[in-house]
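Per-chain residue numbering starts at 1, and chain names A, B, C and D are given in the order in which the chains are listed.
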Amino acid sequence: MKAEKLNLKLLFIKGSRVVVLLVLFIVFSVFTENFFRFDNWSNIGNILLQEAPFYMMLALAMVIPMIVGGLDLSVGSNISLSSFVCAMVIRETENPLLAIIAGLMVGCLIGTLNGYMIAKIGVPPFVATYSMDWIAKGAVLVISKGGQITGFNSFRAIFNSWRGTYLLISLVFMVLAWILYTKTVFGKRTYCVGCNAEAARISGMKSAQIRILAYLASGFVAAMTGMMYISKLGAAEPTLGGAFTMEAIAAALIGGASFVGAKSKISNALVGGLIIVVLNNGLIHIGVPGVWQDCAQGVIIIAAILLERLLEKMQTERS
Amino acid sequence: MKKKLLGVLLTAVVTTSLLAGCGSSEEPAAPAAQEEPENVEEAEEETEAAGEVAEPEEATEEAATSEGIDTSENYLEGKKIVVLLKSYTHMFWVEAANEAEMLADQYGCEVEILAPTVANSNEEQIELLENSLVSPPDLYIIVPADSQGIAPAIAEINNEGIPIVNVNTQITDESVSYDSYVSANQYDLGYTTVSTAIEKLGEEGKAIVIFGKPGAQTYMERDEGASAAFAEHAGWEVLDNQVANGDRNEAMTVMQTLMTKYSDIDLVYAEDGEMALGAAEAIKAAGKEGEIKVVGDNSSVEICDAIKSGALYMVYDDAAWSQMETGFKVANLVLGGQSVEDTYYSPIYLVDSDNVEEYSKRYDE
Amino acid sequence: MEQQQVLLEIKNLTKVFPGVVAVDHVSFDIRRGEVHVLIGENGAGKSTLVKMLAGINGIDEGELIFDGERFKPADVLDAQNHGINMVHQELSLMPNRTVAQNIFVGREPVKEKGLKWVDLKKMNEESQKLLDGLGVGENIRADAWVKDLSIALQQMVEVAKATSTENKLLILDEPTSSLTTPEIKALFEIIQRLKERGLGIIYISHRMNEIFEVGDRITVMRDGKYVGTREVKNTNVDEVINMMIGRNIGQLFDRKWNKPGKVLLETKGLTGLRFRNVNLKVHAGEIVGVAGLVGAGRTEVAKAIFGFDPIEGGQLFREGEEVSLKGYTPKKAIEKGIAYLSEDRKQEGLFLDFTISDNIVPVMLSKLFPNGFVNNRKKVQVADEYIKKLSVATTDSEKIVGSLSGGNQQKVALAKWLLTKADLFIFDEPTRGIDIGAKAEIYSLMDELVREGAGILMISSEMTEVCGVSDRIYAMHDGEISGELIRGKDEFSEDNVLSIMLKKRGSHE
Amino acid sequence: MNKVKNFLKGISGSSWAGIALIIFFAVAIDNYLGSRNLMNILRSTSALVVVSVGMTMAILLGEIDMSVGGVITISATLAGMYMQAAGTVTVGTVVIAVIICCLVGLAFGLFNGFMIGIKKFNFWLVTFGSMSISFGLAKGVTNGGVISGFDKKFQWISTGRVLGISTCIIWAVIICIISVLILYKTRFGLHIYAIGDSEVCAANSGINVRKTRFWVYALSGLTAGLAAVLLLARTNSAGATIGEGYEFSAIAAVVIGGTAMEGGKGGFKGTIFGAIFISAMKNGLQLIGLSNYWQQVLLGVVIIAIILYDVINARVRFKKSLRRVYSEG
C-alpha cells in the first residue's frame, strides 16, 4: 500500500501544474455562462488561436534561460525593439522576408549581449538583463522618435491568412525547443551547465558558450513573438513590450519553472501559458474588469512560489 | 403614460436641432484658399464650425470661432514658443507637432516641442515645464495630460508672468490662470459623433464606449457628449464603458475582452482614433468585421485607409492641425498685446465612406 | 587541583546525516586548562562533533554536561554565551570590515546615555586591548581592514574574537593548515597563554608532530566512532596511527610497487597565477604525491595542467610531445587523455541534483551518442557497468547522487573519468571526507589503474596517505617545488615530508 | 589630509566620468548651475533619494527590492483617493493622507520582509511579485486612470517654500540624516553590513539574520511610502504611472554611488551623490534638447558600465592580491 501511495504523491508532484490548469478550466466553465459553451466554440477558439500562442511563446522565452540557472528580464523590450526594426525594414524595403530576418537578428543580438555579460564577464543575470531592458526600451523610443509604423499589409497577410498560424508557429517552436533541450546531447549539456557550471566546464563542456546560446535562443523566441504581435495588432508601437516581461515570468513560474538551474522543463512553458490564458479570460467572465489583470498576475507569481515550496516539502518528506 | 409623452417630445426637439446641426456639416470640408496676408498663409476653413449646434443642457458662453481672428501683424517673429504635448507616440500629437513646426517656420519664430516619454504622464509634464523655466520662452502652448494635475507647474509659470495658450485639453484648476483656451468643442465632438452614428445605424442597438484617459478633460467631455446622445435614443443600450488610455494596444485587449463577455454588439464608440483602430483590429481578428461598427474621433492617413477598407465606419476629426493653427493665431494676438476671448472653438469634420477619398487628399501634401 | 577539574563531559553524542552516521555515540571529557587533541582521518567525524558543541549542528542523541550542568546549545549565540567558541578551518571573517568590527560583530558596545548609538571608540580600544593580551597587538591595528591582513594574522583575529567573551572552552579546527613554521610557533605560544588562564582547548589536527608538541591528551575517532583517549606522555606515533586507521599501515595501503614506464607528463618552468617555474614528471605505472600547505599552489598547478586555469609561462609535454598552450581548455586536456578529479567534489566534481547515470556520461556525451540524440537505455547500461565495476553501494542507476554517502559520490566521480579511458589522472584530495572502508577501495582502484599503465598525480594534505601511496613525492611551498622524495632512495616519513614542505624557497638543490 | 585623500580615492572611477558629464552640461547650458535649475534638480532628486535609502540597505545585503516603484504608486493612489473622498481638506486630512502613504508602504515592506527574511523565499521573486501586485492594485483601483487636483495645503508638503528652499528638499534632507545615523551608527546598521559581507560569519556570531533582513525590507517599504508623499504633493496627481521606473533609478543611484551589487561594501553617502547625479543628468539631457528617451538608454548604459567596471576591477584586484600574498613569501 505504501508504495502505491507514494507514486500517487509523485504523480501529483510531477503533474501538479496540469491539475491546476484543469481545475481552473472546470471552475470557470461551471461558474460562467459563455466561457465554455459547446455551441459557442468561437469563444474558446478565439482564446486558443489569438491569445494562447503569445503567452506560450513568452513563457518559452523565459524558461530557456531558467534552465541554465538565469533569467531574462529584457523579453519585453526585446519584443518592442525587434518588432519595430522589422516594421522599419518593411517600410523601407517592402520585403517581408528580409524584415523577419532583420527582426530575428535584433532579438538574437540582444540575447547574445545578455549572455556575454552574464557568462563571460560575470554580471548577475537579473542585473544584466534588467539594464538591457532599459537600454532596449530607450533605443526603440530613440529610433522611432515616438512615432509608430502601420500599414504593412503584405507582411500581415503571411500571418493572418489562416486564423491558426499563430498557434501553429508557437507549437512548432515549443516542439523544437522540447526536442533540442531534452532529447539532444546539446540539451543534456545545457542542463549540466544549469545544474553546476563549474563541474560542466571540468567535464569538458564550454559552459560559458552554452549559457550564451541559451540567452540567444531566448532573444530569438522573443523576437518571433514580437513580429507575431505586430502582425496581429497591425501597428509597431515603441511602447509595445511594457507588460510582457511580467506576463512571461508569471506564465513560466505558474507552469512550474524554477530559478534553480536545471529544474525547469520546456513543458512548463506550455502549461504555464495555458494557465495564464485561461485565468485571464476566466477572470473577465466572472466580472473582474480587465484593469485587474496585472494585479492578478502579481498574485499568480506569489502563489507559484508558495506552491513550489509546498511541493518541495512534499518531495523531501517522500525521499 | 406621462413618461412616454415626455420621451416623444424630447426626441422631436432633438431631431430638429440635429437636422440643423448635421445639415450644416454636410458639405464636404473642402479646404479653401483665403486671401494671403503678407507673410501668413494658412488653409482657412470656410464652413461654419459645427460648434454652432446648441447643446441642450449646459449653455457654454458664446465661443468665438477660429477664423474671426485678425492675423494682419506678426508679433511672433523672433520669439520663442514652448509647445507641451501629451505624448510622442499618439498619432494625433505627432500631427500636432508637425503642424507646430510648420507654423513656426511660417511665423519665423523658434519652437521647442516637449512631451513626456511615458504617454499622458502628468509628473513628467510638470518636470518638463519646471526645467523649461531655466531659459524661459516668450509664450507657452500647453496641452495638459491631466486638467487638474498640471496646476503646480502652471502656478510656477504664472509667477514668472509668461503667457499661456491652453490647447485641446482645458486646464480646469481654478487656482491657476491662462490667457486663452483653444480647442474643438469636445462635448460637441462626442455628442455629434454618436448622434450621427445612431442616425445612420437606426434606432435600436447595443453599444460599447471605450473611454480615453480619466483625468483628461477632453475625454471626459466627449464621454459626457456621447452619453447625452445615447440618452436621447431610448432604443440604444450602452453595454459597457471601459478605459483604454488612448492606447491602441490596450484598446485591442479591452475589445477582445468585451467581445468574449458580450456576444452581440452593434456599435463601438472609441473616444479617439488610436483606440478606434485598436478595437477594429480586435474585431477583425475575431472574424466579426462588418457586424460591429466602429466610430471614433481624430483622423489620420491610417484612419482614412481604415474607413476605405470598411474597418472603421466613420469618424469626426477634431483636426489637430486646425487646433494648433488657431493656437498660434491666438498666441500672435496675445504677444501683440491685443485682447483675446477666453475660448476659441475650432471646427470638427465628419469623415465617412463618402468623403474619405477627398478628405485624405489633405494628407498627401 | 583546580587544573584537573572536568570542564565538559560528552555522553554518547550522536549525529545522523542522510546516508551516513557522522558521529556515533561518542563519549569523552575535557578538563579545564588542558589542550585536548581530537585526531582522526578525514571524514572521521571530528568537525561534525565540534560543530555540535559550538551549536552549529543540532544534537540528535546524547547529552553534554558543561561546567557541571546539563547543556544543549540551541544555536551559536547560546553556545557563545555559555563560553564555548570555535575558530573554523576556513576562516569566517568579514573581509571588508575592520578588525574591531569583526571581533565585536553581533555584540557591538553601545553608549549608555541617550540614543543607543554604537560606541565605535570603545570598540576599537577594547579590541586593541584583546590583541595586546594575545601578544599580537603590534602587527594588527584594531581599525585595519581584515582583507589587508595575511592568513596567519587573520587567524589571530579569529582567536581574539573567540576569546573576547568570558570564554571557557576554545575549539581550534586544524588551525595550522596554512601557517608556516614561525607562525605555528606564535600560535602555540598563544595556546600556552590561554592554557595558563585555565581555558579548556580542543585542538583538531591530523599532524603527528604538532600533536605531540602542544597536546596534553589525545582522543582518536574513526568512522564517527570513539576509539580511545591517551595521555600524550605515555603513547607514541605508531599507536595513534594504528588507532586512527584501525589496521596497521600496511593493510590500508597494499601498493604493489611496479617499475615506472615512459614519461606520461612533464612540465618545464610552468608558471601561472599562484605558482612559478614548476618542473615535474609523471611516469606510467607511478603514483606521484604532491604535499604542501593549504595555499601552496598545488591545486592551481593541477588545474593549470588540466587547462582549467590559464598558464602564463613554461611548457607542458604529454608523452614527450609538447602541448600547445594557446586556447588550452579542459576539453583539449580530455582529448589529450588527462582526467581531473577535483578537490571540492560537491562544487566542481558532481551534478548533485542529477541521477548517477547522468553523472557518469557527461564527459563522453558526443562519443556515446554520435548522432546527437541521447538514448537513455544505453546511458543506463553504461552506468550499471561502472556501478558494478567500482561496487558503488546501490543498484539503482537512477538514484540522485546528492543522497549518496561521501565514498559512493567519489566513486561516481571516478567512474565519470574512467569512462574516458584517460591514461593520466590528477587526483585532488581523493579521500577527503570519506570513511576508512571506502578509502581502502579508492586506494586499490588507484593501484589497479597504475598497474594498467596509467600515471596518477595525487595532491593530498594527509601525511599517512602521501607516504603510504606515492612512489615519488613532490613538496610545494609558496608556489614552487621545494623538494622531492623518491621511494627506495629516501625514507618516506611525516618528518621528511614536513621538512621539505615547510622549507623556505631556494634551499631546494 | 588623508581623510580627503581617502574620500577622493573612495570615489570609484565611474563617478569621475559622472562628474565630467555634469561639467560638460554646465558648460553647454547657460545657468545650468543657476539657483533655479539647481532647485529643479534637487526637487526632482528628493523623492528619488528617499526611496534610495531602502534600496541601499537591500543592496548592502547583496539583494534588491524591486517593488519600490509599485509601492510608491499604490501608496500615493490610496492617499489621493482618501483625500478626494474626504472633500474639504483640513490639516487633519493631510496628516491622515501622509499616514496612509506610510502605512501602505510599510504593509508591503512587512510582506516582503516576512516572505524573504522569515520564510527565506527568493528575494527577487517576492519583490517582483509585490511590484506587479502594487502596480496592478493602483491600476485596478483607479480603473486605469489618474486622480488629480489636491488641496493647496497638501501640495505645500512639496511645493511650499521655507527660507526659499522647497519643502520637499527639506523633508528629503531630514530623512537622509536619519538614515545616515541608522546605517552608520546603530547596531542594526552594522549588522546589515556584516550580513552583506559574509552571512555565514554574521550567523555564526549570533546576529539575528532573519530579523535584520525582515526590517531592511520593512524600512524599504516605509521609505517608498515617504517618497510617495513627496511625489504625490509635488505632481498633484496619482495614478498607475506615478512610480514607474523608480526602482530602476533607485538601483542606478545606489550603484553609481559606489555600493557593490554583491553587498557588504559601499554606503548611503554614495547613494545621495548617485541620486543627485541621475537627476542632474536627466535635467541636463533635457535642457540640451536631447529627447528624454536618450536618458533611458544612457541610464541603462551607465549602470552596466559601472557594474562591468566593478566586476573587472574586482577580478584584477583579486589576482593582484593573490600575487602579493605569495610573492611576500
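Assume a contact is a pair of C-beta atoms (placed from the backbone, for glycine too) under 8 Å apart; a residue touches a chain by one contact, two chains touch by 3 or more.
Note that this is a predicted model, so its numbers are computed, not measured.
Student: Taking contact as defined at the start, I'd like the list of chains shared as neighbours by chain C and chain D.
Tutor: Of all the chains present, those in contact with both chain C and chain D are A.
Student: What is the chain whose Cα centre is as far as it gets from that of chain A?
Tutor: Result for the farthest chain: C.
Student: Roughly how far is chain B from chain D, centre to centre by C-alpha average, rounded to an integer in Å?
Tutor: Inter-chain centre distance comes to 39 Å.
Student: Could you work out how far the Cα centre of chain A sits from that of chain C, in whole Å?
Tutor: Their C-alpha centroids are separated by 45 Å.
Student: Go ahead and note the Å separation of the Cα centroids belonging to chain B and chain C.
Tutor: About 78 Å separates the centre of chain B from that of chain C.
Student: Residues of chain A that contact two or more other chains, please.
Tutor: In chain A, 141, 145-146, 289, 291 touch at least two other chains.
Student: Enumerate the residues of chain C that touch no fewer than two other chains.
Tutor: In chain C, no residue touches at least two other chains, as defined above.
Student: Name the residues of chain D that each touch 2 or more other chains.
Tutor: 143-144, 291, 293, 295-296 - these are the residues of chain D that touch more than one other chain.
Student: Chain pairs that touch, all of them, please.
Tutor: So the chains that touch one another pair up as A-B, A-C, A-D, B-D, C-D.
Student: Once bound in the complex, which stretches of chain C touch chain A?
Tutor: Within the complex, chain C touches chain A at residues 306, 308, 329-331, 333-334, 340, 342, 347-354, 358, 361-363, 365-366, 369, 372-374, 400, 403, 416.
Student: Going by the contact rule at the top, pick out the chain A residues touching chain D in the complex.
Tutor: Chain A residues touching chain D: 117, 121-124, 126-128, 130-135, 137-139, 141-142, 145-146, 246, 249-250, 253, 259, 289, 291-299, 301-302, 305, 309.
Student: Would you mind writing out the residues of chain D in touch with chain C in their complex?
Tutor: Touch list, chain D to chain C: 181, 185-187, 189-191, 193-194, 197-198, 200-207, 264-265, 319, 321-323, 325-326, 328-329.
Student: Under the stated contact criterion, what part of chain C meets chain D in this complex?
Tutor: Residues 56, 75-77, 80, 88, 92-97, 101-102, 105-108, 110, 116-118, 147, 150-151, 161, 273-274, 295, 297, 478-479, 504-505.
Student: In the complex formed with chain B, which residues of chain D make contact?
Tutor: 29-32, 34, 36-37, 40, 43-44, 142-149, 152, 155, 159, 231, 234-237, 239, 241-242, 244-245, 283, 286-287, 289, 291-293, 295-296
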